[in-house]
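First chain written, first letter: the chains are A, B, C, D, E, F, G and H, and each begins at residue 1.
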Amino acid sequence: MEREQIRALLASVQRGETELDEALEDLARPPFVDTGDGRVDLHRALRMGLPEIIYGPGKTPEQIVQIVRALREHGQSALATRIDPDPAAQVLAVLPEGEYIADARLLWFGPAEVPVQGRGTIAVVCAGTSDLPVAREAAEVARRFGNKVEMLVDVGVAGLHRLLASTEVIRSAQVLIVVAGMEGALPSVVGGLVDKPVIAVPTSVGYGASLGGVAALLGMLNSCASNVAVVNIDNGFGAATVATLINRS
Amino acid sequence: MEREQIRALLASVQRGETELDEALEDLARPPFVDTGDGRVDLHRALRMGLPEIIYGPGKTPEQIVQIVRALREHGQSALATRIDPDPAAQVLAVLPEGEYIADARLLWFGPAEVPVQGRGTIAVVCAGTSDLPVAREAAEVARRFGNKVEMLVDVGVAGLHRLLASTEVIRSAQVLIVVAGMEGALPSVVGGLVDKPVIAVPTSVGYGASLGGVAALLGMLNSCASNVAVVNIDNGFGAATVATLINRS
Amino acid sequence: MEREQIRALLASVQRGETELDEALEDLARPPFVDTGDGRVDLHRALRMGLPEIIYGPGKTPEQIVQIVRALREHGQSALATRIDPDPAAQVLAVLPEGEYIADARLLWFGPAEVPVQGRGTIAVVCAGTSDLPVAREAAEVARRFGNKVEMLVDVGVAGLHRLLASTEVIRSAQVLIVVAGMEGALPSVVGGLVDKPVIAVPTSVGYGASLGGVAALLGMLNSCASNVAVVNIDNGFGAATVATLINRS
Amino acid sequence: MEREQIRALLASVQRGETELDEALEDLARPPFVDTGDGRVDLHRALRMGLPEIIYGPGKTPEQIVQIVRALREHGQSALATRIDPDPAAQVLAVLPEGEYIADARLLWFGPAEVPVQGRGTIAVVCAGTSDLPVAREAAEVARRFGNKVEMLVDVGVAGLHRLLASTEVIRSAQVLIVVAGMEGALPSVVGGLVDKPVIAVPTSVGYGASLGGVAALLGMLNSCASNVAVVNIDNGFGAATVATLINRS
Amino acid sequence: MEREQIRALLASVQRGETELDEALEDLARPPFVDTGDGRVDLHRALRMGLPEIIYGPGKTPEQIVQIVRALREHGQSALATRIDPDPAAQVLAVLPEGEYIADARLLWFGPAEVPVQGRGTIAVVCAGTSDLPVAREAAEVARRFGNKVEMLVDVGVAGLHRLLASTEVIRSAQVLIVVAGMEGALPSVVGGLVDKPVIAVPTSVGYGASLGGVAALLGMLNSCASNVAVVNIDNGFGAATVATLINRS
Amino acid sequence: MEREQIRALLASVQRGETELDEALEDLARPPFVDTGDGRVDLHRALRMGLPEIIYGPGKTPEQIVQIVRALREHGQSALATRIDPDPAAQVLAVLPEGEYIADARLLWFGPAEVPVQGRGTIAVVCAGTSDLPVAREAAEVARRFGNKVEMLVDVGVAGLHRLLASTEVIRSAQVLIVVAGMEGALPSVVGGLVDKPVIAVPTSVGYGASLGGVAALLGMLNSCASNVAVVNIDNGFGAATVATLINRS
Amino acid sequence: MEREQIRALLASVQRGETELDEALEDLARPPFVDTGDGRVDLHRALRMGLPEIIYGPGKTPEQIVQIVRALREHGQSALATRIDPDPAAQVLAVLPEGEYIADARLLWFGPAEVPVQGRGTIAVVCAGTSDLPVAREAAEVARRFGNKVEMLVDVGVAGLHRLLASTEVIRSAQVLIVVAGMEGALPSVVGGLVDKPVIAVPTSVGYGASLGGVAALLGMLNSCASNVAVVNIDNGFGAATVATLINRS
Amino acid sequence: MEREQIRALLASVQRGETELDEALEDLARPPFVDTGDGRVDLHRALRMGLPEIIYGPGKTPEQIVQIVRALREHGQSALATRIDPDPAAQVLAVLPEGEYIADARLLWFGPAEVPVQGRGTIAVVCAGTSDLPVAREAAEVARRFGNKVEMLVDVGVAGLHRLLASTEVIRSAQVLIVVAGMEGALPSVVGGLVDKPVIAVPTSVGYGASLGGVAALLGMLNSCASNVAVVNIDNGFGAATVATLINRS
């Protein structure tokens, strides 16, 4: 509860318009719904103007259904990430109004068309075809967060002309999400071509010394382009959130 | 054998009440039962006042049955950890008096109701729904060790109000077990809110740079709250043991 | 050279207004000055609207003087990072118009007052007094990049009330830079309190299992607050660049 | 501010005994002193009944003086950790009432004799002579936190009889701090001998594959004795805090 | 487009032989085919004189078919790496002209016999039978890149006479690919026996402290033979490419 | 070929008893059999007086059959390690004279009873029941290498009395193999009790911070008992070889 | 000794032209000089046609003098690497005919002008000014190995136009050495521009997550350009050796 | 106290020849001397027949003097490891009868000539001149433990003929200590040449990816020669202890 809200509440108590115990409740009321196995946050989403996100792994379909229901009952959209086809089908069997976006492993409960907000476009730039699932998670989340999204695929640094052929797309974006596995060099190259913030997403694409994406992650953290910030390996969703807030702010 | 016991035995020998060879046996007798594949400790549990624990992984159902039998024959309770449903069923087929607590992966051989000991309550605070299996291992073990347990779920640090809404639970505990994956920040925040010892349990919940729970583990070891001590990743059982001894001491 | 510039140049050649060799030169001319030991980029800064940055470590004072001179001769500002007092004094002995900002280890060649640009304020939030040098690098760079900056110090998560007492500062910022060592939990907590992008800077403050800042870095990458993106350990400068571009875009 | 305090304040506002703005101040007042470079927490110490701790590294002597002064002005004790002789001398030159405990690298501002609290004794068990500085930090902090402390030195596991000769000390303690470098095996052995909680402190003593104490840390985290919890490498102070709270609770 | 090509194009525009827009197209045309999910590079292969390579993992059989088709339509050969039998069969069902080389996990679309180029022989030296799949990937790729290849198997350093019995093969090669897992010592020994460049390929053969091939990788990077350069773990294909370019240059 | 053998051969050439080309062959003949996929060493085993060992992983049953046949044809025993039941059955279907020792995952081709050699006994000391498979690999290999073996199981350091009850076994051995997972502390304790060499075998038993056995490995390498040497994680076979050579030498 | 030499020697013994003991000596004579602390290899250099290399660290100036003397007495050149100014001066005080190349930390004993061998040019491409010392080690070694060398400095990937402005240099080289720290992305970009082998040298330039050059090393090992092979961090000398052998072969 | 000693003592008590309290003392007496900062073990050395070892780092010269004195007063020899010249001089100023072996950093208090024990020779094989300090620690300790020692230096695997020229030394040893840094391949090669146990000592010689000796350590642990066991990085002393016990047993 913000300072101004506290002031208003206190004034109301002082004026006798609000009962003491009622005010006490208001000052102490938890802004969430308890589902037994979880506390569904009803304010975070509203505060950010974003649908609530459910991190899928480690949750049973039943738990996901519980959380989605609690959110839908309060009129909120919900987006579950990293959902495999089987649990997705189990959830949709109970809540058939949802949409499963298979190649991004997302489960969406909300309007089919999300109105576009934000000052510009988010460009999702993807190094290789094998990085596509992560890039798609980023793009699909960004769209459901109300952004205009452009996608550029298979523009890895070992064939620079493919990237240089698309500099218009890159340079016209308000913010860029750059997705790459292996050595993770693409954000450095893209970062050097634009004057906008670049959110880099390392992927676990690679083998051996890629160490499950750690090589790409380290590469991006050490980028010699200083307009690059990084999120966790394969975290397309996080990149989309940061990019959305940049695009809106 | 303790000093006082040695003195008594020696005096008895001196008085001729105990035969030399008998005394020798007593001084050398192993306080365990040999089952062929293992030496079941009969004293550790008694010494601590706790049931004996069987670490499940790498043991066959047959070996678990052997150990439980040896313990039950000596009148002791037994608790096996990290038991999957299949081997659990195999053990229970032979020893049907046991109880399988599926969501904590525990196999329990002992009284249905364990009398409460200890000066206060153990609070088990769990960051997210995905961390629940570890938190439940901690809570279920703590209950079978005779503690009063309170559980608080889904109070991660990115939605502080969920935690702050439950400060009473937190502040009234005698000792706290705080379970968190990903960045493992919850023990620091909880540690700053209480004047009691906090046992932090990192979980393997996360992906990419979570490195199987190592990120959460490192976070907890570096906690800026100095009342935090840490156990191994996913080690709800260990946290319950330490908390039990604190609660009893 | 952009598509439109190429078109104009080609048209000019076609009209005979530009000589073939002149056009060739224009199409091939390198947009940098070669100082022997380096190629000073004259366009990157202009492109981004930022002063050129010189990464200090591994460069001799002579090399820094060369680069600064090349930039100053082309009318550009220059900012050298990670400069210790001794080499700073050597550079300033040759180029006395510079300013050394000791507690941020920066060497600045540009206007004493940089006019404020950008839509809002950058909040630099710093976990502990020991993290101050990194936070100051971020703040001083951000100021020289034309931002309004607010700083909040010593608001680590183990004493939440210190942070909660300053939520106004945090919530009114356009973008936040959060600096923390040890377990690096502060960005998660701050991220949960705001609806703006958070640029997290892990610091090397800590010992033992902090592994030179790797623990804080991992913590931030695994943040359960999804509006957090991360830069390299102790990289206050990088965070300031990203935050500036967000603030301006 | 606790629920009951809020209720009292609201009642007072309702009764007209407290002005609205005054109540607002009370609800919003930060419980710390701002020294410019830091926010000295005045409540944490009181809340825990412990002196406030100042983490030394990365702070200038001037900053330490500022913080100690703020604390002393509010009547609180202060303990600074990891202070080398030179900065210690600089601080004591300004604040001569302090005491420097060189072999524990502590700077203490408080009563020469701290009254003993707590139900029992803290045993500090130290594997080798080279681990002594960390063990002494633990012991000296524990004494200044009001505990009775017993110390056992050079009882490493490769010479078990040295440890077994002191089982009385070990078994009579309320809580044990076990300090070891190299392979860090001592907490497992001690943990198997007692029915009390063991706080294990890995040290950076060792070379090569000790990886600066990481080997000992990992050893302790994987202890087959389940009554062991661990703090950061060389963190004698943290172990003392946890042990104190256990001893008091 | 190279400098000389630009000059010719500009001259043609100047002479009025080429239209402005046509020239613009030429200057901007992307040298690749867009298949929707990828941008198939048509120039890289030609530039190197090598068939285009498709990195298999993370690509669906459909995507591989798309890419191969695009390449074949432009008259180019294609080689897909790390293809398991199942997806290989799916691709061959659509494009039956291909060849699956099972023990090297390669899918080849090109002439059955590739004419030999290059000045000499590539020797593929393989430490143990378990390293064969990687060695075969190297050999089969090298053959399809037009090299003469000799293979030497099971000549690990613990039985030196097996290696020393084949020094002729080793010493007559133009360039050597040395494949080894476990401690990865073979490249050092081979490197000391020849005056040619050695491309070392660590394999993931081993267990425990081999850390998935990292031990072998580190061993090779630290080789005391200075004529050794290293590629990624299990990267037989990369070694074959480097060796081919050496053999041809 | 040894110096004395060369001298004899040269003398024979000088005396005209050996033809030049024959001598050349002898000097150059490889002491192995080439099976196509491998070079079976026929001398190493003879040289050491040990059966030849076949490292199973990465080899097909066919390759194992080839190697065993080559060895058997030259009258040698063979021992294949890390063989799972399925491939074992496939090999035994072709070579039914072999023996599969399932709980040690060994495949043995040699005499049912190997005559005992060596000056004393090898004690295999095993920390926990879960470490048994590795301990059994060590014991079964040692027996087939002609050693007298004694085994001690479930004597982990958290229950010292179980170990101390068996000091006779430990102290009468000529060399000890100590097998432990988790923190790997047992070799340090055993090493302190004996005046014989201790070969420590870390196992991958454990979870979380055990890092697949790396914690135990590091613990053993940092042992404060200086009579401890270490082999790779889960390498019971290697420990048996070293112990055999010690016992024989 | 090679097969043909053995045949000749045997024939000579057979003809009675060589005495048995003399032949024995020849067959057994070590091709090195023993200096007490080392065995100076006199054949390796001759075999490769390269001067002998002395690895400096861990050797005293006296030991270096011994080795250089032994080599010079046999008419060979010598090159010592990683020599700091102080030991260099000590060596030159005794052996004044040497040359110290300070910015490459090399000590050279050989002709002032080494005649150029090899089919083409080695291009040394260096990402940043801070990487210069490593690039210079590569270039200076390559020159003393008889190569024509071209150097390109400060062409990091965040300012692509600097690199693209020099594609002629890059494309005309026979082999390329690419030196880069931080994220180490330059070899991938250069590798995509040329059809020649690229030897990548990661440097320890960077901080924090660069982990002393490991980030750059991993980046290069995971390069998506398949014509890249890698040497150890900061190993300019090794890259020069490999490149020399490629250029000569 | 052994079983037979207990029996004798009990019999004596039974016969009335020993007083109860005297027997109690005997059963409980610690076999060490307490110096305040340490417990000097007087039995371990006797038990092993070796002088007591003092691990130098982290101990003050005063502490070393205390320990040496306690040992000398009980007639035992003492050997302190890893002692730098300065503290060595400080210790020798107080205890001038000691000997400082500078190039092995050992401080020795015992007979100038230690009589040779053991069945054979220990060969210390050292890869490079830079590894000499560790090899010398091994050799000097082994000599003071009463072994005959032979040393072979600078026989790294990249110049095999240097090693092969000394196979007699290698093959005639009873046990071998092999010391190597960088890739640590020498133990594998030596292990393949002998039928004796090989104790491998990795050294921290190297740079970059040698990771302070970890690369060599991993290489040795993964040795394809199965007669190799490993000690900690730079642990010449440990290798000497193990080799001594092998040589004696």
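Keep this in mind: contacts are C-beta pairs under 8 Å (C-beta built on N, C-alpha and C of every residue); 3 or more make two chains touch, one makes a residue touch a chain.
In this text the structure is predicted, and so the values were computed from the model without any measurement.
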item	value
Subunit H reached from subunit D - shortest hop count over touching chains	1
Chain whose average C-alpha position is farthest from subunit C's own	F
Same-site or different-site touching of subunit E by its copy subunit H, using the half cut	same
Centroid comparison with subunit D (C-alpha atoms), farthest chain	E
Winner on C-beta contact pairs when A-E is weighed against B-C	B-C
Inter-centroid spacing, subunit F versus subunit A (mean Cα positions, whole Å)	53
Rounded Å distance between subunit B and subunit F, as computed from the means of their C-alpha atoms	38
Interchain centroid distance [CA atoms averaged], subunit F/subunit H, Å	25
Cα-centroid distance, subunit A relative to subunit D, in whole angstrom	40
Per-residue multi-chain contacts in subunit F, two or more chains	3, 28, 44, 128, 158-159, 192, 208-210, 214, 217, 221-222, 226, 232
Interchain contacts, given as pairs of chains that touch	A-B, A-C, A-D, A-E, A-G, B-C, B-D, B-F, B-H, C-D, C-E, C-G, D-F, D-H, E-F, E-G, E-H, F-G, F-H, G-H
Touching residues (chain side subunit H, partner subunit F) in the complex	2-3, 44, 47-49, 53, 119-120, 167-168, 174-175, 192, 195-197, 199, 217, 221-222, 226-232, 237-239, 241-242, 245-246, 249
Contact set on subunit G toward subunit C in their complex	128-133, 153-155, 158-159, 161-162, 165-166, 205, 207-210
Complex contact set, residues of subunit F against subunit D	127-128, 156-160, 182-185, 188-189, 191-193, 206, 208-211, 214-216, 218-226
Contacting residues of subunit G [partner subunit F, same complex]	3, 6-7, 10-11, 13-14, 16, 20, 23-24, 27-28
Complex contact set, residues of subunit B against subunit F	28-32, 37-41, 43-44, 55, 57-59, 63, 67, 82, 202, 204, 212-214, 217, 232-235
